[in-house]
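Written below as structure tokens is the structure these notes are about.
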């Protein structure tokens, strides 16, 4: 029974479907948070979740069943039957960038809160003319 | 030759004008059940005024006013032919046409306005204002009628228009043009109901009071000449013109009679009233007449 | 249950909108699950052995797409000093701070060099096995974080960090420019990189050097970010 | 600055006259700009020469008049005036719509900078917005025309125009008419004009009225004859519409002028009215001669009148009829000149005004537009009122202030140009056909029937001719004779020393008695129904409503940019969903 | 010489700031200006010597690796950006004496990073690399806009950052989908394979690209954040946002549109989006009183116009677009730089500042710039506007023509309101004159506007070539793939 389920789950199609469902679920959480939450930090969290969702989707879908990590090791002495290294590199870059932006955003938020005591998006109305 | 012709025209107009003026005073008097002065009285008056001194002056422009009026009247006269089929008594009408005459008709009032304006008399200005306001209202139906006539005859030449009426005179052929033109003409002649401009009672101290002596005489003389010129113009345009003196005198006199009779029957309109009236009734009639006459 | 009371309109509309959007995207994605096709990555894998680097991801990150990484380092650099700009205006004070336990301090101090060493290892062997400059840098920063958390007297020498950071940044670009001059390609691998050296520490030409530089850069930037944020949060 | 300006004006006029007959042309290919096959250039032609003459002459006259003020008060004006004139020359000499547009925009903008120091902010904004609307409509029209013709030259434009669809033709015509009507100040589009004229530098108003408004006429001539071929049967309705717009403009503007108290506003309305006549006869085939003639006369007379008024305003610092009066014996030269001006403006016979009016009337008669002719004559006769009001309010009647009793004649720099113009007007009055051969070359160029011409004294028309020389000499001779007669008749009038020596209800008025009545003349027309309607209605309410609408729209759309990110993200997702659904369709 | 210097040198400068900072207060400033000047000269030199497109390979040849492509259109942008940034920096040399930024070294780094990323966006031929430069430009801009650390500035920075982060999520999403379905990141290969994709995926990718770039290029429904950013930031930084950053994004966006999505339907949609964007921005600007915000709306309007120009997908309209872009960059640079000095002097940002302003020089150049923006003949703005209207009319889009003309009319309302204020007869404030250097900078920019307006043929050849190169997808593909 369990083996059957595992075998079913081990199909490429099914794995990818699960990845899509999961990542889009995560994306939904982030998007919902973005739309419904007003607190700046919560908004940043939502953005972070959305980013992660996209990363997971990308990595998950670019994974090929039966291929190994793109790295030479004891078992692999030549660069064949390996997974695509580019998504890894891209996601590595994107994660760092996303982290940097969010960190900067949080520092803005902290400073803004210090100056004005406001911490919500809908309170940010210095420029109402 | 032409100078002699012009001189004769002037002479005739001058005398007939005063004659008609005398008749006018008599006839109005009869309408009012009284006896008027002798017919020649006005003529003598004017001669007498010429010899009188004028008492006040408001500078040269003040003098120029009556002179311009006189000039306007005489020039108008010269550009209206007496007879449509005769080589004499055509004056200068070969050198001008109906448009020239229409505009020359306005020269007099404008000269008057200038002269009066400079006198500084507020009542005089009031009269001028009224005159000018009435002028445009009065001219509109008249112009429409004249335009229709020019268009019908395809000519702005007065003699041609007059001669084209040998079958039916325009007054009968185009009554809807004649009637408004007649209304306007009554106004032009300064008769009731459109005579508020020269109204002797309200504006007793108007132009006539400021001018005296030879200028008053000048005014009277130009009035006489101008009346006659306008009568001749009207006859030429609507009553078939004339080919002889008798016809001319008859037609002008009849027209004159009608005008003063009409004037005696009606009361006087106020300025806005007369403008309103002239812009409504005669104008509408004239437009209808214009459309009917030129529809093709 | 009173929907109106329990769930605000904002929540409801946000939920509807995001659900609708995500579901639409989801349906499109599910209908078009990508099939494996020959990609640029496969070609790069083939070329990888020329560089003499065992870890293909490292080659891609540092060499094939090294330009991206340079940009990424720039982003990190800018973000770091941006945060510095935002948060250094306050003097860091530790008045209300509870003095930390001696054992904690001691333990942290003991752990600190080990973590640093681990970070350096991850950095240095990035081209041979799992790991690399980013990971190593972050590990080093975590060591710094540990010190910050455990001790309220710990202070990162700004000068040292700055020197490290500057050195790393300049040398990264300079290596790129030297490549431009030597092998006529920016970030070109001008050092010997032979397949025969595959697996050795000194293999892959400039790749490990750059990755170490990246490690230093990331480590210092992240430490700075951590420092700035912590100092700032002291006053909250 | 003034001297340079005057020299430039003189130079341009001299150049123009010395090369009057020569043909000069210069073309540039614009393929470089991606406009392949597009050629722009300038070329002398009879039409452009005539308009250039107007520009050059007006420029010179205004420049001469500028020497009157001791200080260099019009420094901005004379910095810009050469540039403005250059733009105007460009407008008239170009053979294509691109350079025409360039000239047009430069004209508008340069005028803006000339007007800017004197106008109130509101009037200034009004001016430039109408100018911009005009320019943009022109640009759009040009571009549409260009898309049909694939060239911008006038000569090919007609062919391109015929290639357009019927709907586009209509839009194009409306756009172009709008552009030019705004400049002319046709009724409904004159909202900007009166204020600008009234508040502009007095000398610049002269230039505005004399020249800038003519550019609208020039544009209309080019567009209607070269591009649309207005005289063909296809465009009969359009021709009638234009004529009706023209005559409505004249009538309404005339009555608006009658009501005005301010000198320059009065003349501004008068300008609109006069241009209305031109527009009216522009629509009829035989009217082109009248258009040019009237444009010429109107330029001259407006130069005369505005310079006259400028001199009076400079002399007295007063610009309202109700504040002036009784200047006749203080400034007799100015009085006589203004008299000549208003006689021409009113179109009275011996002077040049009659000749142009004559052509207007006869061409309308010839085209059988009798009702329109009636309206034109009505407007023309009504014009007497404001014309008289003008001369009365300034020169006749009583001075309204002590300062007016001690002024001297205006500066000779004002009088010189006026005398030149007056002389021209008298000469043209006596020899009305003197300029006909010149005009005929233009008419031939425009492929319309020329005005018959025999001698310079007789102005011919299909409905009869009149001899201007005889009319004038008859008038003059009779005038002299009457004068002589009156002079000879013995009299010894004494001049009144006291201006209050008038027959005033038998009383002796004092200085406290209001005697300067005439400035308000025409007010009683209020009681005449349709005049009251004209006076009450104003396009201002329409434009105000438009502005209000636009501004409330602005307020509403501002909500897009509230900066409330939270709600904006909702809109973003809605937009995305919309696009998704739209794309999936 | 190589195009890589445009990116590498500013980055190097940025990393090496601590060394330059050792040379005292002015060291960093002067070295930054020196760097920008040399970059500008380099771009001129490249332009003069360039006879065909230059492809600069980084590490490994395309399509596998990243390459920078310097063709006729990108050299245009490179020259423009280096020139504008140089002018801005020169202007700041004097501005800083009165109103310096705190911690100036960082400020100069940001400006240089902005320059590097803008040029990188234009030159790069790899979509992920474009994303990286997108982020560098973004993050520099966030900090620049929050730099003053006032509540307004921080609010602006936060808003900018949040929208930027969302934009980058969607962009990454799009890039991920592209890579998953096409297996490449090279623009040329993507453009070859894109048409063969499933239509649904195409839709998704184009939607995400539209949102990702749309948020940055300030197109109508996605430009809600822009005005707040402009208002909150310093006028001096606004100059860069308006003249440099947006232009770089715009070029990349349309470059990608030409390469991937040259559908008639899609571009028609963009066309009307641009027109609506312009119209709405101009209408809203009518009631605006804050100057920075007002010119932000004006920027939005001009971006809408540029959108229309580039969406037409014809060589002529792109020529028009490049002219408009050039004119707009120059004019906005002049306006915002002048505003920076004026704000500093008169301590107000209200529109009534112009009533108080007492500086004939500034008045004249601001007027010239605004007239150029309005498209008055003999100034730079006219050439582009005329060409654009012409090409619209030739395409038979007369409704669009009407919309644009209407928008221009509304635009003229508030521009002339401002100009009217400058001529107001109210009492003026203190006399204000700029330093010689600042005058020279503004004068150079203004002369550029006038020169292009009077003699557009000076650059018309170049721009026409640039536009034909920009639209020529085939030769771009050949260039990029043929180098393999």
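Letters A, B, C, D and E mark the chains in the order given here, with residues in each chain numbered from 1 onward.
Here, a contact is a pair of C-beta atoms (placed from the backbone, for glycine too) under 8 Å apart; a residue touches a chain by one contact, two chains touch by 3 or more.
Remember, it's a predicted structure, so these values are computed and weren't measured experimentally.
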*Of all other chains, the one whose Cα centre sits farthest from chain E*: B
*Give the label of the chain whose average Cα location is farthest from that of chain A.*
B
*asked:* Out of every possible chain pairing, which has the most C-beta contacts?
replied: B-D
*Please compute the C-alpha centroid of chain B, do the same for chain D, then give the distance between them in whole Å.*
35
*Using CA atom averages as chain centres, what separation in Å is found between chain B and chain E?*
79
*Could you grab the centroid distance between chain B and chain C? Build each centroid from C-alpha atoms only and quote it in angstrom.*
108
*asked:* Suppose each chain is reduced to the average of its Cα coordinates; what separation in Å results between chain A and chain B?
replied: 102
*Which chain B residues sit where two or more other chains touch them?*
none
*Provide the list of chain E residues touching at least two other chains, using ranges where the numbers run on.*
128, 132, 135, 139, 142-143, 146, 149, 159, 162, 166, 179-180, 185, 200, 203-204, 227-228
*Counting only residues that touch at least 2 other chains, which ones in chain A make the list?*
31, 34-35, 57, 61, 86-87, 90, 93, 97, 100-101, 104, 108, 111, 121, 124, 127
*Please give all chain pairs that are in touch with each other.*
A-C, A-D, A-E, B-D, C-D, C-E, D-E
*Which residues of chain D touch chain C in their complex?*
570, 573-574, 576-577, 580-581, 584
*Across the complex, what residues on chain E touch chain C?*
2, 4, 8, 11-12, 14-19, 56-60, 63-66, 103, 106, 109-110, 113, 116-117, 120, 128-129, 132-133, 135-136, 139-140, 142-143, 146-147, 149, 179-186, 198, 200-201, 203-204
*Show which residues of chain D lie in contact with chain A when the two form their complex.*
562-566, 569-570, 573
*Under the touch definition given earlier, write down the residues of chain C that touch chain D in their complex.*
13-14, 17-18, 20-21, 24-25
*asked:* For a test of understanding, state which residues of chain E touch chain D in their complex under the given definition.
replied: 159, 162-163, 166, 200, 203-204, 206-207, 210-211, 221-228, 280, 283-287, 297, 315-316, 319-320, 371, 374, 376-378, 382-383, 386-387, 389-390, 392-394, 396, 398, 401-402, 405, 408-410, 412-413, 416-417, 419-421, 423-425, 456-457, 460-461, 464, 467
